[in-house]
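Look for subunit A in each of the two complexes below; its partner is subunit B in the first and subunit C in the second.
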Partner chain A sequence: MSAGIEPRRFTDSPLGRRNPTVKLALLFAVSVALLFVFDPVTPAVLYLLALAAVAATARIPARILLLAHVPFVGFGLGLLTVNALSRPGTPLLEVAGLGVTAEGLTVGVSLGLRSMVIGVLSIGFIASTDGVALMTSLHQHARLGVRMTYAVLAGYRMLQEMPAEWQTIRSAHQVRAPLRSHGRPRSGVRSFGRSAFALLVVSVRRGERMAQSLESRGLGLGPRTTWRPVPLGRADWWLALGVLLVLALVFAAGEALGFREGHELLFARGAGA
Partner chain B sequence: MSTTVPGTSAAAGQVPSTVPAVELDNVSVEFPRRTGPVLRKLDLRLEAGEQLIVFGPSGAGKSTLLQLVTGTIPHSVVAQLSGSVRVGGTDTADTGVAALSRCVGVLAQDPSSAVCLPDVEQELALPLENRAVDPEAISGRIDAALRAVNAGGLRLRKTSALSGGEGQRVALAASLIAEPEVLLLDEPTSMLDGEGIASVREAIERAVDQYRPAVVLVEHRMDEYAGRRGLAGLPGRAVVLNGEGEILLDGPTPQVLTEAAAELQARGCWLPLETELQAVFGCPGGLEAETVRNGLKELAAAHPTGASVEGHPHSTDAPVLQAAGLSVGRPQAGRRRRRSSGPAKAGFQEGALLANVDLALRPGEIVALLGANGTGKTSLLLTLAGLLEPAAGQVAGPRPAMVFQNPEHQFVAGTVRGELAYGLAAGSEPVVDRLLRQHRLEHLADQNPFRLSGGEKRRLSVAAMLAHHRPALLADEPCFGLDRRAAIAMMDAFRAAAAAGRAIMFSTHDLRTAATVAHRAVVIAGGSVIADGPVFEVLAQREVLARAGLALPALLEWVLETFETPHRMRAVLSGLDAFVPLDGEGSRP
Partner chain C sequence: MSSRSTMTPARTRTPFTLKDLVLMVVLGVVFGFLYWALVQAWTGLSILMGPAGDLAQHFLLGGWLLVAPIAVAIIRRPFVGIIAEVLASVIEVVFLGSAVGPILFVAAALQGLGSEIPFALRRYRSFGWGVFALSGLLGAGLVFLFSAFRFGWYGQELFILRLVVQLASGVILGGLLAKVIVEALAKTGVVDNFAIGRDRIGKA
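Presenting the complex of A and B:
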């Protein structure tokens, strides 16, 4: 029933056995580090390394890995186009009356590749991480409040049932909708709005009842125990160390070989142009 | 205002030093935007391990009473509370809901919102984790709790894959696993079919036996809940709330029901059969009593309106809805259905819920669709309504109307009036006014549909469908969640619509309702229609009912054995309904 929204998971893999909080933190760390990169080479190298690492450790079938890229490629291309066409700098060529600048192209490619790096790491993270384990681990290792943790988990269950609920509401409205001339029920933006409102009301009530159920199970009581803690072991620390080391090496190589450029690139000649 | 039935103070024989499980002292509750208090100066004391059932008309404050014990009032719901509520010796005003949950377990109506986590194991571990139980001990207690509710095999299941009865047993296990002193049961079987009820009832019995909590039960389907044991299957003590928020009676269940029978019947409550018969004939003993039997026989002979059993006027007309060789597929949530009218794909058939259904609905007839949960009643209705593509075969006939199980799913407008006018041509105000009058919705015309009471919502959703001149009306569990008076009113509306020439098909779990109103019954089980014929003939076929997992209520069993003609059988059933006064419905603020 939930096939529509639940991604397939590959938790039984080397990456799947690592601690979810550590994985999330590393994803965050790489994203932050990339904020300081505006050359195309660094993210390109990082992308290739990340792709190889994810392919090797997450056991995601190639087809799914490829398909999951689509949104990130789209986003990346968007960034590339906007930057190439709108950033001031040395003119390179002209496309449909708009000038492409060298700086714009460099920054655009860099930003596009940046989204690809974050994208491939996110794919690896999502595909290899069980939602419940993530929440439990965030509670255990990142001090996420217990109420927040279980609210998200209950919300996740509600989300699982929402497509069925939506389908029912749409049918329920369809049977009431006036017919158009060719015999099909009328369905437009307003009809979707009505269905959405019904879904909202029904879901809010449901959420209320679930919240009461959770409270009546004693959620939020003083000290609590965790039945099956998510392990955080030596392998997780090795993973963290490894990723950070590779990241540092790529940055260092960029400095040494002179291909790395920071945000100075954004303003270097742009202001003068 | 409360009267205690003499001879049996509930607390008698209890060790005096025991802290009462629940103690209400002069409690009044008032909600904003409602005139008058819901509960008025209530005093109630429930000893440890004592079992209580609460009766009262809808809106009398039964759920409010439960919310007081959980602490939802005053902590989560905005309400004016005076007096004191103590649970296990703690004043609820000083303690949050979570802290109160140390002493209180709750089993609510709807298993799908009572179970919150993705896995059964986690669901059961949560209450223990929250109470800081040693992780080493948790696994053993999960096993014990699941065994106590007859659900040992469910431990490794996903909660999204549980049936209603299974979900409710898991929720029960979760509410008892921390061994609370008080267990609140809020219509725990209302979403279940016969088999589900039996499993949950047995689970509650076993679990209560094992964990020995004090119990407060609110339940509508008393006979099903009590099972074969009749009144003895209900909790030993009963409290009746009158419509004014006061305790009318308090004492041992059989005595209380004897005294309150007439009052509860007059207010349209569901009652155990024995109590209902007592209210009507003034004599205890149920179907065993001679006076009762004679009274029922008189009803059979006397009541003239019970005549329309098979001789409905238009039944020889051409069908207005006809299914031929129909296979019903499962609704595919979240996936776009192809709207093409081409032949069904071959692969679709394997998931079919029902195959080879041949059905015809003729003008003026009322057909009851019977079958256990999950057999495909809803999907069949959806397919007949043209909302679900048939997996094979076809449905012919003009566009039918359909009323969904949850009326809220169908609301499209901001007011009751707008709801009725939706889709009607301009200038149809007179039609809307007539509908408002007919379905007793006039006083609510400018209210928001979502704010109505359960019975009013249901009436509105049916009225809105009857506004259109569609020849067939399909209804999915139209009496679900209604009190008896509202259910009877709903069936009256169906009779009137059928008399006006419409064909009606409704699904139900309640065989008595089916026998009271339907001309024909269609039973589905095991992926096909296993019976289709005059309702009393179908109900008399034991092997059909057994195959479909349907249990005949005692009254129907007796009626089928005793009377020769369906007219008489029908006359008894509708005669009994006629003792419930229909006025006063919908007058609540």
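Presenting the complex of A and C:
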């Protein structure tokens, strides 16, 4: 029934068989490490490595992998433009009265590439990970409480049904709405807001019923067994070790070859400031 | 201060009920879905948001804050804002597939913390317009510091403009709008079984 609200998953792949908690933690580690990078070379190298790794291990069809790039390539380009135009520094050239600076361009390219590294890894993670398996794994391996786990899973179920629910509410509202001169009901911010509020109320009510039925079955009273436990094996540790090793190598190479730069680049003002 | 033990019921000590947890998740799901529906409805918006996204995000930021003040005003317990906001980001990243990645959890926690501080200072007892406005202001302000660090806004000529737009968005969309939604929800009666309903009935 779901009208494509979820991203497509390809869980039968080498990356798909790895433990979801480990993958999530690694993605988080890479994201945090990249916060301290403001040169263009480090994220460029990492992007190529990440793209190669995801393409080789996640078995995502090339077309889907490419299409999934669209949102964050757009966002990356925005970061690039804004930084190139709005950062003080050595002027390179003038575009329509706005000066492009060398520092701005460097930082802009770096930030744009950073969003692409995280973007491509996120695609790899999401496309190779089943949502329910992730929550089960977080419960098993990351000590997420059983009630929290089930609350999120209940929300997940709700989310899957929400496009249909939304369509029902929209149709019901439109049937009763006054028609405009060309015979169609008006659709604008107000009608969107009205439907949105109806959806909120219906969902809150349904959530309360869900919670009651889970509680009446004794959820959270005692220890539970897990249906379809998620494995955590030696291959997962190898994956973690490999990713962290590559990350450390790229950073070390950056230090050795002198291309890595951190926050100090933001304040290194050029002559034309 | 001595009246605290008599004024504050024991409920602050007990763990969250499943009902409260599910409510927080539901808020995250509904607002996550609405954002998704909005983008579906205006595909142009998502394409436009690409190149302009870096600046446009400040105008819309307040919308992301909504979940925390609504949850706090309904459940009226410590940490609700933070938990609700983080749960919303989990839905966003894991089930809707946001390419921002898990760093969003950190941003969400900061937003929730900022949104919750004003309510905590009033000990989860005062829910007037001023508290909501301050909640939006702090939520937007706290996450601004983190985003500025992430994206290197320090040293940019647009720094002040970014800050002002984001704070204004926080107050209007993330504070005052939350108050409107909470009041409308309370009127429908669906939240009567939560703390907000108990307080209302107690007053009446």
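Note that the second predicted complex is superposed on the first by the 268 of 273 C-alpha atoms of A that agree within 3 Å, B and C clash if a C-alpha of one lies under 4 Å from a C-alpha of the other, contacts with A are read in each partner's own complex, and residues count from 1 in each chain.
To be clear about the criterion, a residue touches a chain if its C-beta (ideal position, glycine included) is under 8 Å from a C-beta of that chain, and two chains touch if they have at least 3 such contacts.
Since the structure is predicted, the reported quantities are computational estimates derived from the model, not experimental observations.
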{"item": "Clash or fit (per the criteria above) of subunit B with subunit C on subunit A", "value": "fit"}
{"item": "Touched partner set for A:G220, first subunit B, second subunit C, both or neither", "value": "both"}
{"item": "Which of subunit B and subunit C A:A53 touches, first, second, both or neither", "value": "neither"}
{"item": "Subunit B versus subunit C as contact partner of A:V201, first or second or both or neither", "value": "both"}
{"item": "Partner chain(s) touched by A:R87 [first = subunit B, second = subunit C, both, neither]", "value": "second"}
{"item": "Contacts of A:L179 with subunit B and subunit C, given as first, second, both or neither", "value": "first"}
{"item": "Touching partner for A:A44 - first (subunit B), second (subunit C), both, neither", "value": "neither"}
{"item": "First, second, both or neither for A:L244, with subunit B first and subunit C second", "value": "neither"}
{"item": "First, second, both or neither for A:Q212, with subunit B first and subunit C second", "value": "both"}
{"item": "Residue contacts on subunit A - larger count, subunit B or subunit C", "value": "C"}
{"item": "Touched partner set for A:A133, first subunit B, second subunit C, both or neither", "value": "neither"}
{"item": "Three-chain overlay, closest Cα atoms of subunit B and subunit C, distance in Å", "value": "5"}
{"item": "Those residues of subunit A which subunit B touches in one complex and subunit C touches in the other", "value": "5, 131, 150, 154, 156, 163, 166, 201, 206, 210, 212, 214-215, 219-220"}
{"item": "Subunit A residues within the subunit C interface of the complex", "value": "5-7, 24, 27-28, 31-32, 35, 38, 68, 70-75, 77-79, 81-83, 86-88, 107, 111, 115, 118-119, 121-123, 125-126, 129, 131, 134, 147-148, 150-152, 154-156, 158-159, 162-163, 166, 192, 196-197, 199-201, 203-208, 210-212, 214-215, 219-220, 263, 266-267"}
{"item": "Contacting residues of subunit C [partner subunit A, same complex]", "value": "15-19, 21-26, 28-30, 32-34, 36-38, 41, 46-47, 49-55, 87, 90-91, 93-103, 105, 149-152, 154-158, 181, 184-185, 188, 190-191, 193"}
{"item": "For the subunit A and subunit B complex, residues of the former touching the latter", "value": "1-5, 131-132, 146, 150, 153-154, 156-157, 160-161, 163-164, 166-169, 171-179, 184, 194, 198, 201-202, 206, 209-210, 212-229"}
{"item": "Complex contact set, residues of subunit B against subunit A", "value": "70, 72, 76, 96-99, 101-102, 104-106, 108, 110, 112-119, 122, 125-135, 138-139, 159-160, 171, 174-175, 178, 331-335, 339, 382, 385, 387-388, 399, 401-402, 404, 406, 408-412, 422-423, 450, 464-465"}
